[in-house]
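Dropping the structures in below, format is structure tokens.
What follows is a pair of complexes built around chain A, which joins chain B in one and chain C in the other.
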Partner chain A sequence: MLSILKDLLRYNREFAAGAALLGIVVAMSAMSALAPMPPDDVYVVPPDLPPSWTYLMGTTSRGQDVFWQLSFAIRNTLLFGFIVALLSRILSLVIGLLSGYLGGFVDRVLMSINDTFIVMPLFPILVMFYFVMRDRMSWAALALVMAGLGWAYDARLIRSIAMSLRTRQFTEHSVYSGMSTRQIVAQEHLPYVMPIVFSTTMNNINWSIGLEVTLSVLGFTNINTPTIGVMIYWANQHTAMTAGVWWWVFFPVALVIMVFIGLFLLAVSMNEYIDPRSRLSRMRSAKT
Partner chain B sequence: MQSINVYIVKRLGQFFLVVFIGINIVFFVTHATPIDPVEHSIMAAAMFGSTSPEAINMLREALADLYGLKGSLWDQYWTFWKRIAVADFGPSVSSFPTPVSTLIGRAIPWTVGLLLTAVIISWVVGNILGGLAGYYRENRLLKAAGVVAMGLHPIPYYIIAFVLLIIFGYLWPVLPLGGGYQRNMTPGWNLPFIGSVITHGFLPALSLVLVGFGAWFMGMRALVSNIVTEDYVVYAELAGVDRNRILGSYVMRNALVPQITGLGMSLGAIFNGAIITEQVFGYPGVGTLLVSAVHAGDYSLVIGITTISIIGVAGAVLVIDLLYPLLDPRVKIG
Partner chain C sequence: MTAGAPTTVGAAGQGVAEAPQPQPVLRVSDLSAFYQTHYFGIVREVRAVDDISLHVLPNEIYGLAGESSCGKTTLIKTIAGAIQPPLNVVGGSVKFDFRGQSINVYESTPEERNAMRWQHLSYIMQGSMSVLNPVRRVRHSFVDFAFRHIGRSMPDFLDTVVGHLERLHLRADVLDAYPHELSGGMRQRVTIALATVCRPEFIIADEPTTALDVVVQKGVLAMIRGIQREIGSSLLFVTHDLSVHANLADRLGIMYAGHIVEEGPTAELFASPRHPYTVHLIGSLPRVGDAAPKKGLEGVPPNLADPPPGCRFHPRCPLAMGICSRETPVMEWAGPGRRVACFAAEKGITA
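Take a look at the complex of A and B:
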């Protein structure tokens, strides 16, 4: 495992770039543990100061230090993306593996539902959720709803792998040696799909953070939990750009873009690592 | 039965399933809410203007009737479907008494226009450039395009639109921000008006294209670089067929098939992006209407937009699916 990581860092430029970007982001979120003030306090520092040595990223019009505020925001945003991805992974693994292994009627039913969720425009539905829940729409509730809506695309991918595994000899061996469906799927097939699950996790985190930022910026989430979207929301509420407080907008946007590109590069390089064909062509081009 | 008919019936079935599940979600989310929509709407209406107690009582009666909140859950469910079948979502609370369907009808052409333009441009440009990049692997310019596509693709629509808004709103204000056309113009089929629509739609469309094109570019590049190793491509090259012709008629033609499927599968996400982008630029489409409906507490308008969005996207996917056999003859032969 460690040697794989070392190889990837050395030979795969995308992986190295993605890891570096994410390293910065994770370091930033780790800074939240050192923050001298709780994230909810306002007017603790003089408002509207540009970046300086005392206030590394300036201060907001609400009297918050952008640097420390951002560390809390990115921590919550990353955590949100991670929880959504984790929960939806469980759904997509169970549905994808079962559908691919069992085939037939179960497969047809599950995949019809699956395709439905792929096509469904989720943004209006999420907005509607907020509309009926209003202030009860907590951070955790949003994570649950998004996990319930965001599994479909990856379930299809997992299913396609499980379908090809079903025709392999070791599956037949397992059936004849009396293993139950649950055992075959969990013990025999699961390890094969894990690499692709890792790479889809990155994309899923991107997807959920993107939607969270969008909903928060519109004020459609709990605007008292600091996340990147909530920071931009407050900056917009105080018309930070017209007031010239550009650092309030610039730093959160720059940091979240680093998250998106970093995660995406990791997903791409991992995909390439999984696919032997593209790995071969890379090795060939490295030689010449 | 012929396989093309089986295909069409299956696609139709999927369309109805999407609409059915989508509308059930809308019904159960809005009816399982802890908040009484009628009281909520009355509160919202009262905020817009003072109302006498009798008027509020009348409004309450009318709303309970309109939202189908009378009778058992089963009755409500039926009324809900009947209303959707005739696209009657009652009057909007925030712009009373204009019916919701009129408001949505006014917004739809803008959304469809924006979406169609952006999807066509990003799909065509992304596929052509991606195909070239997969075939001419050593070209520096195409490699650079690949880096750009990779950098822009993972960023969500909102952030791209927001950054464009900042660049063209504060740093270099050359393009109009907000609205679908110049405010003092009367809509019509004349040159100045069409020009105004184009300049106003430029930034929203640009942000959709910037995000969208990357996916098609990278998908096409990967497909083409796999196909060029096939024997028939090598044969064509050895036979001296013009390289551009190989790429256009043999390689890309085959690679387009999964890209069409991809278009159908990502249409929901692109629609999400379009309505978010509209909101950022204040474009007069469905997205801006949805956000203002939420802020105004307009229950029927939110339900109406969500329902129409689901049906609209499912319908568009159905159209793409039905065009698919034209490109992939295997569906016809079966």
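Take a look at the complex of A and C:
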């Protein structure tokens, strides 16, 4: 595993760039542990100061240091994306693998649920959740809702692979040697789909962070937990752009774009590691 | 091997006195297994295994030959108890008689069948090159398939595996390889090791050497035979390649369109085939010094969903008589250890 990472870093520029971008973002979120003040406190520093050596990224109109505020925001946003991806991966793996392997009635039931989720428009549903839950709509609740909505496409993808695996010799052999469904799915089929799961995880993190930012900017989330979207929300509330406090918007947006690009590059380069054919074509083009 | 008491197995209608035979390990009687589908009101029935009886003795290699789609694979799948709908057993029985422990495959519980597998009966499926999971190391295949059946501790089990691999001239480090890192012959040997590691009394193999070139095939065949002799098990194997059968099998059954049409000791069967189909099958083999052009058999194998009446071979048979299209010939004893299902052969006519 380590040697693969080393090779990817050395030979794959996309991977190196993506890893560097994400490294910066993760370092930034790690800074939150060193923050001199809690993220909820307001008017702890003089408001509206531009970036300087004292306040690296300036201060907000609410008297917060943008640098430290941003470290909390990006930490929460990353964690949010990660949790949504983790939960929805578990859902899509279990549903996709079981549906593909068992087939028949189970498959029909699971896939009709799955298709329902695919055709449902997510954004209005998320807004509706906010209007129903209002103050109870915490960061964790939103993560759960998003995870519950974000598994369907990938479950279908995984199901299609599981269906082909079901007909392979080694599956028949596993059945014949008396392995249970759980063992076959977890031990024989899961390793097969893992590369795809890695790749879709990146996309899923991107998707959930994007939606979270959208909802937060519009104020449809808990606006007291700092996330990238919530920061932009408060900046908009204080008309930061028209007031000339551009750093309040610029740094969160720049950082979240780094997350997007970083994850995208990782997903793309991971794909190359997974698919030997694209690796070969790269090697050929490198030679000529 | 425990040489059982003299029995009368297969003695019915057998005019020739025979030496006392040991108890057969496998007894298949009147087995029929059809693919039955029922979609949109259309019932389709493919009679892939139709009324087949055979037995396999301890320490014996029984070969099944026949052209593609004659039901060879379906037959051994049914014998192994590895069938799934739409394939259903519609009649007959499959009985195994392992040392003191007998089991009727289609009247036993899944648990009983499960307990029998690998420990007493192993099955190498068709396309045995792909029996190993391509994304897992070979070690895991051994652990997943065989460990639960061998009833030993893990280190002990792995020692057994390594020792067993050595017998097949494989180094212990193949356990840490992925299947794609092994050559075809090595993978085939790993598969054979997988099937024999628990030292089962009965091994079923479906085309164990297909896709290997003749040189590797010869080595693998020798190993199969060696290991079979060593652990004293019986082997039932299928291939369409008659030269493999000539090399390996003690007794040979020829299948045509879901029936066994002829059976006998391999050497005798090759020397004096009785059934016209067998005659043509063996006649198609190239021989050293024989430059005469080979003549093909007219026609195609029948559609098993709608087989011809009477003898299923009669539309292609050069010896076909009136009775052949009306009645189905039964397997009858034709000399010591030989059976044939043919009206012409009964009368002493051969092709």
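Rule of thumb we're sticking to: the second predicted complex is superposed on the first by the 288 of 288 C-alpha atoms of A that agree within 3 Å, B and C clash if a C-alpha of one lies under 4 Å from a C-alpha of the other, contacts with A are read in each partner's own complex, and residues count from 1 in each chain.
Operating definition for what follows: contacts are C-beta pairs under 8 Å (C-beta built on N, C-alpha and C of every residue); 3 or more make two chains touch, one makes a residue touch a chain.
None of the values given here were measured: they were computed from a predicted structure.
Colleague: With the two structures overlaid on chain A, would chain B and chain C clash, or do they fit side by side?
Modeller: Once chain A is superposed (C-alpha atoms), there is room for both chain B and chain C without a clash.
Colleague: Can A:30 be said to touch chain B (first), chain C (second), both, or neither?
Modeller: Neither: A:30 stays clear of chain B and chain C.
Colleague: Applying the document's definition of touch, where does A:210 land relative to chain B and chain C: first, second, both, or neither?
Modeller: In the superposition, A:210 contacts chain B only.
Colleague: On the A-aligned overlay, A:121 touches which partner chain: chain B = first, chain C = second, or both, or neither?
Modeller: first
Colleague: Is A:5 touching anything from chain B or chain C once the two structures are fitted on A? First, second, both or neither.
Modeller: After superposing on A, A:5 lies clear of both chain B and chain C.
Colleague: Can A:169 be said to touch chain B (first), chain C (second), both, or neither?
Modeller: second
Colleague: Output check: A:253 vs chain B and chain C. Expected answer is one of first, second, both, neither. What do you get?
Modeller: In the superposition, A:253 touches chain B alone.
Colleague: Please work out whether A:90 is in contact with chain B alone, chain C alone, both, or neither, and reply first, second, both or neither.
Modeller: In the superposition, A:90 contacts neither chain B nor chain C.
Colleague: Using centres of C-alpha atoms, tell me the angle at chain A that chain B and chain C span after the overlay, to the nearest 10°.
Modeller: With chain A as the vertex, the angle is 100 degrees.
Colleague: Just checking: does A:140 make contact with chain B only, chain C only, both, or neither of them? Give me first, second, both or neither.
Modeller: After superposition on chain A, A:140 lies in contact with neither partner.
Colleague: Considering only touches as defined above, state whether A:179 meets chain B (first), chain C (second), both or neither.
Modeller: The answer is second: A:179 touches chain C but not chain B.
Colleague: Of chain B and chain C, which one contacts the greater number of residues in chain A?
Modeller: B
Colleague: Chain B to chain C: minimum CA distance in the overlay, Å?
Modeller: Distance of closest C-alpha approach: 10 Å.
Colleague: For chain A, which residues count as touching chain C in their complex?
Modeller: Touching chain C from chain A are residues 168-170, 172-179, 183, 187-188, 191-192.
Colleague: Which residues of chain A touch chain B in their complex?
Modeller: Chain A reaches chain B through residues 14, 112-113, 115-116, 118-125, 127-134, 136, 153, 206, 209-211, 213-214, 217-218, 220, 232, 241-242, 249, 253, 256-257, 260-261, 263-265, 268, 277-278, 281.
Colleague: Please give the residue numbers of chain B that touch chain A in the complex, ascending.
Modeller: 13-14, 17-18, 21-22, 25-26, 29-30, 33-35, 37, 150-151, 153-159, 162-163, 166, 169-170, 222, 225-226, 264-265, 267-269, 271-272, 275-276, 279, 290-291, 294, 299, 302-303, 305-306, 309-310, 313-314, 317
Colleague: Applying the document's contact rule, which stretches of chain C touch chain A when the two form their complex?
Modeller: 80, 82, 114, 117-118, 123, 125-128, 130-136, 140-141, 144-146, 148-149
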